[in-house]
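Across the two complexes that follow, subunit A remains constant while its partner is subunit B and subsequently subunit C.
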Partner chain A sequence: MSAIDRIADRVRRYRFGRSDEESTSDARLATDGGHRTGGLDLGPEFVQALPFWLPAGLLVALFVYGAIGWNFFISLTDWSGLQASYWPLDFEMYTRFFGKVLEGGLLGGPIEYWSFRNTIVLLIVFTVLTLIVGLLLAILIDQQIRFENTFRTIYLLPMSLSFVVTAVFWQWMYNPRYGIINSALETVGLDFFAVNWIGAAQFKLLAVIIALTWQFSGYGMVVYLAGLRAIPSDQFEAARVDGAGTIKMYLRVIVPQLRAATLSAAVVLMVFALKAFDFLYVIFGSRPGPGADILSVMMYRTAFDTSQFAYGAAIATILFVLALGVIGPYLYIQYQRGDL
Partner chain B sequence: MSTSNDSIVERATTVPRKRIGLYAALLAMVVLYLLPLETGLFTAFKTQSAFQTTIPVLPPIGNQITADPWFQAFDRLWPALGYSVAFVVPATALSALFGSLAAYGLTITKWRGQILIMLIFVAGIFIPYQAVLVPLTRFWTSIVNIRGLLGPEGSLVALSITHIAYGIPICTLLFRGHFKGLDQSMFEAARLDGATIRTIYRRIAFPLAIPMFAVTLIYQFTNIWNDLLFALVLVRGEYEVVTMALQSFTGSMVGQYNLLMAGAFITALPTIAVYVLFGKQFAEGVSGGGA
Partner chain C sequence: MPDNPLSRRQFVSVAGTAGAAMLAGCDGDGESNELELVHWWTAGGEEDAIQALIDGYEEEYDYTVNNNPAPGGAGSALDTVIQNRVLNENPPGTFQIWPGKAMNTYLDADVLADIGSVWTDEMQSAYQDGVMELAQTDDGTFVAVPVNIHRLNNLFYNVSVVEEAGVDPAGLETPSDVLTAMETVEAETDAAGMAHQTSAQWSTVQLWEDVLVGQTGVDTYLDVLDGNVGANEQAVKDALQTTADYREYFIEDAGSVSWDTGNQSVIQDEAAFLHQGDWAAGQYKSAEDFEYGTDWDYVPFPGTGEIYHVVSDAFVMPQPNPSPDATEAWLSYAGSVEGQIAFNTNKGSIPPRTDVSMDEFGPFLTSQSEDFGESSAQPPTIAHGTGVTPTVKGAVEDAFADFIANWNVDDTYSGIESAFN
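Then we have the complex of A and B:
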């Protein structure tokens, strides 16, 4: 506390002790001064700032970017089994993967086809569903309700749980004989829908998407709520006075203004869908079968269960490129707007 | 739906009805969100025969009640809880510290090229971890043979360092948002006063960042505690952390849902406690950095 006081004191002293022009011109000197060499300003502050970000930067460079490069290199080899072999280098693993993806027809086909397809389905359906539910929750919360904090806390609670934990809960929910979902369906006479959710191939992915939407919609709510709160309240009022019905008003006036919130939430959710692993691994193990296999699980299985490291690394690189396709444009937009 | 030519009287009667509908919708969502937890909690207190014969949403009654599943699950999980604490606490603290230092060096100080380096940091948040798993396991066996150096405990050290490295991008982004929001004139003033970059961090930036430390620590604690993937590839057998232990528990206790539910709650207890106590900070971390 005393440190802050001293700083506040010092700040006050400067604010009132010197004229404004003097301090701003000094500040400009500090900003623009120094030696400019190429893109980096190697002025004294650059050197002084190095110890702050460089250790962290080196860790990130090694573990994130170094590892990605190394992974790409491994994907060019034929490494499989216990002894790493780094020769020959070619794109065989990639042609193998995409060859198999293309082999897949409407029915059947190699697991590569299903993994790729399921990954895309999960990415799109999960993201859209989570955004819709999140927006719905945010709109409900944003009506000047009582106990707002309690509601918000409850909706966000699943986000604080491990996928291992939620997978155990949902395994029980989906249990075909004793689980609550099928019990409820049978109670209301919808026996037809009481299927083997995580056992039958055609329902597995749907079951996963529902559970993950439950877990992530709280995130959507938080992002949208911040977006809603940033819209000036007179816009809500104006739309109401104009006589727009509540739903119409939200669709026409409010939702279009949530574009930035939608974009950033969608990016995070899509990237999550690409790396979703823990939840599926706990429910299905490393072999979810054609119904629910996704690339991230396939990558783990290929590399760590069957020791085909080169092929696993190739799948990992494909995942990375997919993620890059999502985040590249997003970060570029952020960079252009100066939002970074 | 009310239309534009609603009379004042009509509006007065529809408003309370709308409010009732609103609260009904909110409560329905509460039921949906708590259902998996509620059925899990009741099931954890039921005997084996009780959870097979009763409806999961109903609480156990009479001789259906038992606390046995909790003791059995705890017996199985407690060493893993200890290992989790041992690697999560240092990983959380150090990733937050590195993040705050990096964000300071890339935000408050003045030199060109900061944005570019920041971009490199931020992109690290979105990396699918699968893209680094094979090199990561090679790194911790061939290049730094951590288990050869430190014995079997080495895998916990490797896991901790790995989480620090992959936690730095998100921590840096959170702290950068905080530093950018501060009144920059304070830093200007200190700079004019001749304070060094280091002094400004120690005396001004660090004290002002304490609320953001709370957010980052809570967010990172939850993230790191909850992770399974890195632990699966870096930790072998004897030092399995709690998410691994729960996962193998589900494999060995197939069908014993009361045990599994108790185990799930024991695993989640630290994060639930942190969430209940610091929900606001967790929400801030979630919205600031994404999942």
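Then we have the complex of A and C:
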């Protein structure tokens, strides 16, 4: 990381010109631009820094980026079964996957289509719901209530639980015969909503999204709370003086200022949604069926249940690209703002 | 610059020594009299069973066992471990596997050694043909030793519930009789018809298999296993339809529970029937006040009385093998009368050898063993890997993951058909 920070730092300084705390050598670099187009300073400082970041850098390069590269390489082969094949190096696995995805229509299609669709639905609905619930919790906590810290801890606690644990007890709560959720709904007369949550295909994904939202809204709350606390109280008072009601004040004055908090929380949540595996695997096993299958579960199943390593690797690469699609724009925005 | 180079040097030397020690540890000069055993039996009676087998083996031979279980995911965790180790050319001494077509992944890669020397004439004469075939490759080379036999085609029932409903399970002759019986149960009692689970697809796969055998006979079923799905289209569809009709009578939370949680409904008089392998009997045995004969009983799944639908586990010798002698001794012991008594009395299965005395097995398994001896066919299964290759099994499971979601017979049929092609 330090190496990347350092390089990024230099690149930025090079691009945006000198800042106040720049050393003289950097100032020279900035003023005679063009002389060192690479932007990398390979002087004695660089050599001295080597022992600090090079070992970690090499390990990360090998085990993270090397593994990603290797995975991509495997996805170009036709390896299935226990005899490794490093041939024919084409994109057949990818065309096969997207061909199947495109076969699907609104009402049905192959499992690839459902996995892809469910992944996208989970990504969007889970993120939006979690942000909304997190924001509401943060606003409530921010009302100078008593026991504020206690409530904050209570809301954040689900985050600290393992998905295996939460999956098992949500599985119990969703049980249509004994589960607390349907019992509660029936007690208050909402029998209509007492559905077969994790048994019926059309509700499975919703059940997963609700449970994951429960688990992650505490995180959204913490991020938003920090954002709310950073807004000077003058603005609350000014809005009041100008006659804004509570709802209008939040909608027009406060929430728009939480853009940075929303963005960073959304990125974390979306990347998590792409990786959500444990929760589904514990409840549904490796075949959740069309109702709840997502790419990460399908990747595992394809590679390890059916030994189609190349196809599994292709799905893994697609997931990786989706994650990059989420993180990339975020990094770019941060970079443009000079926050990176 | 670091201002304390000495401590850094010390640190580096300590770290280096530790690293070298770890490398040496990895190397671990492989004691050839240690047998590494990988299996997935870590729960209840299963764990006792494998431990009994290990104890007997260590007593009989001069080897020790490095017991290294990889539980989880109905064997998929073990598959992951073994496949990675095979790819790294570092397989264990022996591992658990479903015999039959499930071994294809390993046979294709030439990982399983010929163990003809283990299969002595004495051992061959003690095994039934159907089971012995599972231990062989297509060209008749022995590569595995089946260590237990579970029966899949059982219809367990709660005696008091069926009596209250006035249903006589012994009188059921076809799979559709089961449908009528469940209808009667739900009309006459508060209990559900069948404690079936639909949260994972495998229970429904095996139910459909036995409905197919029960409706159109074992030859049709075996023909389907051979890949001739199209030729048996109507039979396959009829069996799917009957299975789909059953779902009206499943317990209400079928889609939310595992098979053993569902089975609690039978124990608590809340469901009448259960189609399941005879491992379900282990749960009845450990339940309090729930006795064989008076509280629960079973019949072969209607229409499959002559059939012993075999689910089996086996051990193999992967190659290159770190401990060939110890592995060969293990396989011989697993195929011996003594080893199979030690293992199966705890596992709740019957020994594949037909010359084992059933004195220690209790009435239920003794009855199963008699059925096994008299059975006219011992077909393998899809749901438990013996009858089809892992690729076909995966595709069939995909089709059934769809089936238990929308119960669409035509879609599932085309899923099954394309799975076999």
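Side notes on the structure shown:
Throughout what follows, the second predicted complex is superposed on the first by the 302 of 340 C-alpha atoms of A that agree within 3 Å, B and C clash if a C-alpha of one lies under 4 Å from a C-alpha of the other, contacts with A are read in each partner's own complex, and residues count from 1 in each chain.
Please note the rule applied: a residue touches a chain if its C-beta (ideal position, glycine included) is under 8 Å from a C-beta of that chain, and two chains touch if they have at least 3 such contacts.
Predicted model only: the values in this text are computed from it and were never measured.
In the superposition on chain A, A:193 contacts neither subunit B nor subunit C.
Judged by the touch definition given at the top, the superposed model places A:272 against subunit B, while subunit C stays out of reach. In the overlay built on the shared chain, the residue A:171 is in contact with subunit B and with subunit C.
By the document's definition of touching, of the two partners only subunit B reaches A:137; subunit C does not. Looking at the shared chain after the overlay, A:317 reaches subunit B, while subunit C stays out of its contact range. Within the superposed three-chain model, A:290 lies in touch with subunit C and out of touch with subunit B [touch as defined at top].
Once the two complexes are laid over each other on the shared chain, residue contacts for A:306 go to subunit C alone; subunit B is not touched. In the superposed model, A:86 makes contact with neither subunit B nor subunit C. Set against each other, subunit B and subunit C differ in how many residues of subunit A they touch, and the higher count belongs to B.
In the overlay built on the shared chain, the residue A:214 is in contact with subunit B alone; subunit C does not reach it. According to the touch criterion, the shared surface of subunit A, contacted by subunit B in one complex and subunit C in the other, consists of residues 48, 84, 171, 175, 178-179, 285, 304.
Touching subunit A in their complex are the following residues of subunit C: 1, 73-74, 76, 79-80, 83, 86-87, 105-106, 108-109, 111, 198-201, 251-257, 390-391, 394-395, 397-398, 401-402, 404-406, 411. Within the complex, the subunit B residues that touch subunit A are 1-5, 22-23, 25-26, 29-30, 32-37, 39-40, 43, 51-52, 55-57, 98-99, 101-102, 104-106, 109-113, 115-124, 126-139, 142, 162, 164-166, 168-169, 172, 185-186, 188-193, 196-198, 201, 203-204, 207-208, 222, 225-229, 232-233, 243, 246-247, 250-251, 257, 260-261, 263-265, 267-268, 271-272, 274-276, 279, 282-283, 286-287, 290-291. Touching subunit C in their complex are the following residues of subunit A: 48, 80-84, 108, 111, 171, 174-179, 196-201, 283-291, 293, 301, 304-308. Across the complex, subunit B is touched by residues 3-4, 6-7, 10-11, 14-15, 23, 26-27, 30-31, 34, 36, 39-43, 45-46, 48-57, 59-68, 70-71, 74, 84, 137, 140-141, 143, 145, 149, 151-173, 175, 178-180, 183, 214, 216, 218-219, 222-223, 226, 242-243, 245-248, 264-265, 267-269, 271-272, 274-275, 277-278, 281-282, 285, 295-296, 299-300, 303-304, 309, 312-313, 315-317, 319-320, 322-323, 326-327, 331, 335, 340 of subunit A.
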